[in-house]
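Think of it as A, B, C and D in the order they're written, each chain with its own count starting at 1.
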Amino acid sequence: MSAQASLGKAEMAALVARDIPAGAYVNLGIGLPTLVADHLEPGSGVVLHTENGMLNMGPQAHGDDVDPDLMNAGKVAVTELPGAAYFHHADSFAMMRGGHLDVCVLGAFQVSAAGDLANWHTGAADAIPAVGGAMDLAVGAKKVYVMTTMFAKDGSPKVVPECAYPLTAARCVDRIYTDVATLEVTGDGLVVRDLFGITYADLSARLAVKMSDGSASS
Amino acid sequence: MSAQASLGKAEMAALVARDIPAGAYVNLGIGLPTLVADHLEPGSGVVLHTENGMLNMGPQAHGDDVDPDLMNAGKVAVTELPGAAYFHHADSFAMMRGGHLDVCVLGAFQVSAAGDLANWHTGAADAIPAVGGAMDLAVGAKKVYVMTTMFAKDGSPKVVPECAYPLTAARCVDRIYTDVATLEVTGDGLVVRDLFGITYADLSARLAVKMSDGSASS
Amino acid sequence: MTSICESTDEAVAGVADGSTVLVGGFGMAGMPTHLIDALIRQGATGLTVVSNNAGNGDTGLAALLAEGRVRKVICSFPRQHDSWVFDGLYRSGKIELEVVPQGTLAERLRAAGAGIGAFYCPTGAGTLLAEGKETREIDGRTHVLEFPIKGDVALIGAHRSDRMGNLVYRKTARNFGPVMATAATTVAVQVSEIVEIGTLDPEAVVTPGIYIDRVVAA
Amino acid sequence: MTSICESTDEAVAGVADGSTVLVGGFGMAGMPTHLIDALIRQGATGLTVVSNNAGNGDTGLAALLAEGRVRKVICSFPRQHDSWVFDGLYRSGKIELEVVPQGTLAERLRAAGAGIGAFYCPTGAGTLLAEGKETREIDGRTHVLEFPIKGDVALIGAHRSDRMGNLVYRKTARNFGPVMATAATTVAVQVSEIVEIGTLDPEAVVTPGIYIDRVVAA
């Protein structure tokens, strides 16, 4: 299991993309999750939602294709695919909060063993709070996938018993895709599905959370 | 004042139409209020709303102009004027409830001296209740005008101290246009603005409500 | 993911006994008559039907009612000149009725689709239709607490669909369609025409395909 | 009634000190930059600004903030790479901030326009942003009670307006425009082009003219 190396960003993105069902309606959060788009199979029929009012968003726009009226939620110029639809902000978030998106993929500062997500606020005293659509996505999508490196730059794990940072939403995360492991959040706690470049014993030792090894059975 | 006769339906409609400001957005209820449309000045810019999802509704459709997809709230085939817009039911009633319509004109079973309106239910034990959009209109329009004959077929007045019939909405009516008088609902009670074929003394004797005579001053 | 059905029978397959069925249309405009006929053939019973009216004449919704398949109707306006089927069932105690103001009906459907748990609405305050409902004073006005109406199935009519289920409507046939499309677990739509992806103007799509499960040309 | 303004100054005339000003746009898409410039010239101060962001760079909203004219910002995402004007004011305690999840911001604006007194929303439950807010369990889920955000003035950008104020937008520049247009006492819109009545497709009008007070081509 630990024979292979930990995953790079593109490999993580490919792993998430592989788990998105054909024809799913998906919102990809700003940052790392954006990479997932590049790994969706062309024929998969996966439809991308951007919360600033569009379905069937295409890839990033370049050169003459840049249109200042066509942006994604990260304010990056994007393109329109056939079958697109535009709608206003209240309709866009109604779609999200109403449970119509199949999957959203979000970045994280911390995820708790119970699936609590913290991804909007470091809790630092001088930080200017800014939430955007993170709370709406975390609460609204049918499945919430988190995509992040397992360890912060200081080596501390992002999968924790309880989030120390202010929550985005409680008990919202279904799966956690990291560079060293994929974890499922279940009623019985975290289950490790895949390991990359680390053994279950090593991972378990570095994380302070209760979890079980589901990687052998898969 | 009592020299002229009581008003016919068309004259009542003309009176209401005269009091609708140029450029107003107006909803005309089913029945008598519908007639108001025929008396709006062509250049007035008054825009008609129909709660089943349209602004800038035109006159009734006839012959080849009948389109089964273009109906008013009374399910009568109508036409579309230039500058029309279609929208769905939630948006249509958001427009209404949100206070964006300047005037609605409604029929009435009874109106109380305080401006309570009863126009949806006779209260009869075997009656099948059916409200449609009456409550929404009564609550939502900036000005609610009632248009009705003053007396029911049995001679009982429709302007009453308290409504005996189930309410459509409390304290919602601004003006009452009838065949014999126009009344304003004010904080100080009903004020008679115009009299047609009846003296103030006679009207006052037939209605059991407290009111004042504002007809002389106008 | 939207599937294009070969027949109306396929479009209504699997409706379970006891389901809540949202039925679009206002009068005959936007009424999904072919889907209702298919539902009659399909056989599900003990249904709760949510629609603006309670059936006209002897066809469509009235025929479903006449077959004894509907336990309860939630609507704004059951009583019409040709609603004899409903009238008879109601007077003989064979059908339950919940009358909801038309705008509140639309808004409760929207709330179900938009992930709103409940809302305070001024419509109906102080009337029979608010009896037993929680109220709250907001800005000096009495508001009634209203809860979402969620469907198991929605049957709606639209003008055109592309193969992803993006919909456009025609004139006032739009009415309840776009709201009901957001508010049910399974949404079936009958359209006049199914067009290729990329044919509909993305700015003019009223119901994005994310809301649509089954489309049939009928 | 919609008036066509000769200048952006005319379009923002009369904004009072202390007003709540809704400002459309998401990033630069749909941002009513010319109306903001006119508001800077107009001079109103002590403003509460409601917008998705809190200004970028040194122009537009940031310039209004830099002039010390804004008392409070209500937004979802103030912190951006180029939000130095806001950041400075905030850190020096010169501006008040209310952070609202993006979808809740849109829905509170919609509620103001739609005559909804308040609503229960799952977004933000159990987080910092719900602290001090009333909550209620609905269907086993914690919901937060949210109240409308009503503007005195809305400044929005759209693509085309006809002479009645019917609007169409372009791509994701639609964003907050249609919702804010319903939520303010006076709504001013800057458009690329003003067209004759009857030019816009009634099926594709996104904001009907009823919501629009002032239009300027800029």
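The criterion applied here is as follows: a residue touches a chain if its C-beta (ideal position, glycine included) is under 8 Å from a C-beta of that chain, and two chains touch if they have at least 3 such contacts.
Fair warning: this is a prediction, and the values are worked out from it, not measured in the lab.
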Worksheet item: Given the two chain pairs A-C and A-D, which is bridged by the higher number of C-beta pairs in contact?
Response: A-D
Worksheet item: Which integer distance in Å separates the CA centroid of chain A from that of chain C?
Response: 35
Practice prompt. Return the distance between the CA-based centres of chain A and chain B, expressed in whole Å.
Written response: 55
Practice prompt. Would you kindly tell me how far, in whole Å, the mean C-alpha position of chain D lies from that of chain A?
Written response: 29
Worksheet item: Any idea how many Å lie between the Cα centroids of chain C and chain D?
Response: 33
Worksheet item: For chain A, which residues are shared contacts with two or more other chains?
Response: 80, 86-87, 94, 96-97, 139-140
Practice prompt. Please set out, as single numbers or ranges, the residues of chain D touching at least two other chains.
Written response: 107, 110, 114-116, 121-122, 169-171, 202-203, 206
Worksheet item: Looking at which chains touch which, would you call it a line, ring, star, complete or other?
Response: other
Worksheet item: According to the definition of touch, which chains form touching pairs?
Response: A-C, A-D, B-C, B-D, C-D
Discussion item. If we count contacts the way the header does, which residues on chain D are in touch with chain A in the complex?
Written reply: 26-30, 52, 76-80, 86-87, 90-91, 97, 99-107, 109-110, 121-129, 169-179, 206
Worksheet item: What does chain D use to touch chain B in their complex?
Response: 1, 110, 112-116, 162-164, 166, 182, 197-198, 200, 202-203, 205, 208-211
Fill in: chain C contact footprint on chain A (complex, rising order)
22-25, 45, 47, 49, 55-56, 80, 82-87, 94-101, 139-140
Worksheet item: chain D touches which residues of chain C in the complex?
Response: 107, 111, 114-122, 136, 138-139, 141, 143, 147, 168-171, 201-204, 206
Worksheet entry | Contact set on chain A toward chain D in their complex | 50-54, 67-72, 75, 80, 86-90, 92-94, 96-97, 121, 126, 128-136, 139-140, 166-170
